[in-house]
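For reference, chains read A, B, C and D in written order, and residue numbers begin at 1 within each chain.
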Amino acid sequence: PRAREAGVTVGILQPGPLNAITDVAGVKVGQVTLARSKDVNTGVTAILPHGGNLFQDKVPAGFVAYNAFGKFMGSTQVAELGEIETPILLTNTLNVAEAGAASVEWTLAQAGNEEVRSVNAVVGETNDGMLNDIRGRHVTIADARRAIESAKAGPVEEGGVGAGTGTVAFGFKAGIGTSSRKLPASLGGWTVGVLVQANYGGVLTIAGVPVGVKLGRYDYRQQVEEKKADGSVVIVIATDAPLSDRNLRRVAERAFGGIARTGSSFSNGSGDYAIAFSTSDAVRRTAAKRNAVSAVDDLPNDRMSPLFQATIEATEEAVLNALFKAQTVVGNRGTAEALPLDKVLPMLKGKP
Amino acid sequence: PRAREAGVTVGILQPGPLNAITDVAGVKVGQVTLARSKDVNTGVTAILPHGGNLFQDKVPAGFVAYNAFGKFMGSTQVAELGEIETPILLTNTLNVAEAGAASVEWTLAQAGNEEVRSVNAVVGETNDGMLNDIRGRHVTIADARRAIESAKAGPVEEGGVGAGTGTVAFGFKAGIGTSSRKLPASLGGWTVGVLVQANYGGVLTIAGVPVGVKLGRYDYRQQVEEKKADGSVVIVIATDAPLSDRNLRRVAERAFGGIARTGSSFSNGSGDYAIAFSTSDAVRRTAAKRNAVSAVDDLPNDRMSPLFQATIEATEEAVLNALFKAQTVVGNRGTAEALPLDKVLPMLKGKP
Amino acid sequence: PRAREAGVTVGILQPGPLNAITDVAGVKVGQVTLARSKDVNTGVTAILPHGGNLFQDKVPAGFVAYNAFGKFMGSTQVAELGEIETPILLTNTLNVAEAGAASVEWTLAQAGNEEVRSVNAVVGETNDGMLNDIRGRHVTIADARRAIESAKAGPVEEGGVGAGTGTVAFGFKAGIGTSSRKLPASLGGWTVGVLVQANYGGVLTIAGVPVGVKLGRYDYRQQVEEKKADGSVVIVIATDAPLSDRNLRRVAERAFGGIARTGSSFSNGSGDYAIAFSTSDAVRRTAAKRNAVSAVDDLPNDRMSPLFQATIEATEEAVLNALFKAQTVVGNRGTAEALPLDKVLPMLKGKP
Amino acid sequence: PRAREAGVTVGILQPGPLNAITDVAGVKVGQVTLARSKDVNTGVTAILPHGGNLFQDKVPAGFVAYNAFGKFMGSTQVAELGEIETPILLTNTLNVAEAGAASVEWTLAQAGNEEVRSVNAVVGETNDGMLNDIRGRHVTIADARRAIESAKAGPVEEGGVGAGTGTVAFGFKAGIGTSSRKLPASLGGWTVGVLVQANYGGVLTIAGVPVGVKLGRYDYRQQVEEKKADGSVVIVIATDAPLSDRNLRRVAERAFGGIARTGSSFSNGSGDYAIAFSTSDAVRRTAAKRNAVSAVDDLPNDRMSPLFQATIEATEEAVLNALFKAQTVVGNRGTAEALPLDKVLPMLKGKP
């Protein structure tokens, strides 16, 4: 079950109808899962800000590297120009290049892009090297392209799928998770949707309960930092609020508040990145708007706080969903067990 | 009582003997409290990295502005040169200049600084404008200087003292709080000490329990963002680990993980800053070392994770101490009540 | 004479009518010069983005620290919120606090600001410690306030005035300089105005000619880095183009291209900062606009390049004006001679 | 001829024996040139900080994005950890992925890397879309790998080779250029070497002479910004000085001073990046040093200025070499003529 279905809620705001990043109208998600054998457990997740020509109709975006031990591709242009012009792809650490190539090829091939000679591919990654033979570099350009082409609105598959096929968090099988918040009309009525690729560690904390301690399973327990593949989390945030790229960066920064609440210790090896974009037509950078002074809507600084709260909550819940929905996987260099909900849920009794 | 005295513990690591920033050998704290009347509730807190000539024997430092709606002074030079050369002062938003002037004057006056013509004062602040007539700008240069001169090792006063005299967090009287962690020898044996000036909002969460919700007192409750003075938190982190300025910046960034766990929503108006320094002799920038190639100790990236965990825990506990130790104050524009421990502590029953 | 009056022109674009920052409509400059004796050579320069209530009607702004060995005050909030809410003040290194206090006091006292409890003072500085007894901290709050209150449109005094009273560049007396560029209508017709406080070193280069070498006067000449007070340059850029704070930051960054062309070596001790703002009504952040979604004009990325070129040129020329207009000063610890135009101008013969 | 061979010198410091990045001992450069037809003019340039196992013996590094309209890969980890663990590759904008894949594959295949599961490929690019059918994505993984494997010490080929095969600067054929400076012993005796991939615009200025104006060929000449492929410059800086990653970042930032002096206007579409590394054994991050506290040499802030000057000069001269050594190329969408030295050199007569 998802966390909320199991009775676990976090925060004070309400989710949207799907409780997913796709509650933000227009956002599409595509996933390709490569779970072919004990050795190959990896994949690609693609998030498309809208269904049109992303290169021609760019969306404003903000990016934050909280702990940049990671290979996030495309971030410097996002920060400089304040925009995204391609799908956001997630995959494993050693296949960023293949995902990047797919993003470039796909963009060049879209109708209307015949004269395009510069494409900024945006690719995030985490390391699935415990369950996946990551050195084999099993994700192909075609796989990544399939993820883009299969993107659709509606519910998003969670757990060990797409770029989360081989990821592990807090010692348990994790993967892709998503959640959303819809602000009440009095706070603007905007929707914030989050999707995470969860693959990090710390002391697992669920709705404030240090479950990792109770299960006797957490980092530093042996007071020795064990040699392990470096984890990471990549967080993608969508909103329909008409935000500037600067305020989208501020939104992205808040996502780490949600990660902190799940017990992350933001360890040295954890590449923790967030990227946020707005789907609002009123801020979309169309060819016409990119060519002359034009009016752009702006939600001012003073109205941002509810969006920050929504981002923190949806991020925390997205991680829980990644854990709650994942199944045990026997992989390349070990086994990642699913979170034992039978033991965990009783620990959460009486939680708000 | 402090949180731990009241039975509330957070994290998996152990505090140092004082459970204070002064557990890091050499660190001194001085506080001047201006609580003269209903209208004047403000003050200054000074943190000295060591007891020698700070300008001549600079300490490496790292700085992070998580949400920079604040007036932190001196940060750009800290980041560029990777060092602090003065005390770190905390005060209220509209008296940063007075604290800065005091820092400059005091530094110029120290023996050995007769030829000094450039001083980088480091001053953080939060807004105590509810309990304090902040427009009156009641902190003088002499007050700030007294805070520096009174700095000492040993236990640190907490709650409504020094720069925390007039601050409020989560709707309750807060102020200055401190805590520490001492790593086990197997993880390096280093100490991390944290001091916070707590003055922010969100949904108060103590050891994972959303106390703010249970007390019916949290932001967005009325689904209307009330007009309020902008809060903030400034976090000062000391360690005896021999860290580069880059890794000190990474330590500073982790402090916000602790803030997130107390329920902060990192709202627009909250100026959230952290600054970290190392007291290790092996990284101290003495006149000799600043003049020629010299050997500097370095704890490498791969050994940083336990320090990150320690920082998160000590920051969370420092905030709890600020709240637990504060007393109700009737102030300039309202009253800030102490956290009702009689109601709160029973909510935490059965916590780890 | 100003550089252009002496026949020295740089760049390919044309200046505005005043060839000054005040060519940008609404911008006002005020200067207080403290040249009381051999020992006191310092002052304050104030730049006001417009003549209204700066706190209520904030202007978007961008900030860059190219080499942050300096004490620039207020920069973190400018970057976070993308705006300025006070005058920009320039002074000497050890009087930043006094200028900051003046900015706060003046802002609190403006009509309409009776409920203001948070003010972000913006203060830049360079070190005039050779000509000025800088340790004496001779600039008072009243001096800085007078600079603000005396601000006016029209021509700007240059050379050894205001915050440039005691500054030295390339070994010659320098100070305040200003210049502007007006784009042709085909490139948008916008105006860019620059004001510099020039106080740095390197190999003086005028219109491409390495005058410093020809005069036998440049850094590293003795192949020994002499002990000297740290220099700096602060650059203020105004434009009437409707720019986002992000693109204003990009404009600020270009200013260093102009500094580079004058022969700066951006030495360790040179605190080099730039801040840019837009005076356009269409981007001004009025109380109404700060309270709700509203339409803001935006000059898109693709139309920025001519503004970048204009910024580089105006910055280079502003520095030349600071040098050309300055007079010899006998000061506290030495004498700074005026640039010997009789020798220099012949070196520039035949320059475009 | 190279610039210096043609009698053009810039700066006050002396070059090393090769006047190339390879004057820094240990640095190796490899280039693969794809100039197969009118349509295919592209390639790869690889810079190896040393000849050992780069992943195991990492080098400290600093990175700066001056104008980040570009697809630089790997930068966030370089900044976070302060180090490089792979070759630095340069190629065209749309083949970054192939270069990245080559870097990963090559690194995984090196002896001693059998257990490596995380590799941070570092790839810079500029857009050669005028002379090269860039949409054809002609650079293969094998091409990039060949560039790495062919890297060697000694003289570096310049002009239209490697990643500079199809690049154009100031409207003339440009490409790869290199230069170096060796500080006198009194300033430390360190060597700084620079390699550029020059592909940008502005008003070409050679040794201070605005050659672009005299040739009637410069941006904005028609007062209309013509539609053109976005240019860029990537600058790689090597030094044997024992620098911290922070001071390497400061070195990288100075490179843009050199670019400014060549007449760049740092236009919107120009992706301008610099990366600097130290080859000093005393700062190399070997497996042993990455595992425990260890002593690292450090050249302090106060001794940095001569290295900054050297970087500016070598960067300027490297660009001139790229232009002086390039030959006319008839390409995919036009012809880029070589700089007409017969006309240009007389313009420079009498220059220092």
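Here, contacts are C-beta pairs under 8 Å (C-beta built on N, C-alpha and C of every residue); 3 or more make two chains touch, one makes a residue touch a chain.
Since this is a predicted model, take the numbers as computed values, not measurements.
Between A-C and C-D, more C-beta contact pairs join the chains of C-D.
We define each chain's centre as the mean of its Cα atoms; on that basis chain B and chain C are separated by 34 Å. Between chain C and chain D, the centres computed from C-alpha atoms are 32 Å apart. Note: centroid distance chain A to chain C, computed from Cα atoms, is 43 Å.
Multi-chain contact residues of chain C (touching two or more other chains) are listed as 67, 69, 80-81, 250, 301-303. Contact topology of the protein chains: fully connected, every pair of chains touching. Listing the residues of chain B that touch chain D in their complex gives 80-82, 242, 244-246, 250, 285, 289-303.
The part of chain A that touches chain B in the complex is made up of residues 11-13, 66-67, 69, 184, 186-187, 202-203, 205, 207-210, 213-214, 218-221, 223-225, 250, 253-254, 256-261, 264-269, 301-306, 308-309, 312, 352. Touching chain A in their complex are the following residues of chain D: 65, 67-77, 79-81, 93-94, 96-98, 100-101, 104-105, 108, 116-121, 127, 129, 134-135, 137, 229-230, 271, 273.
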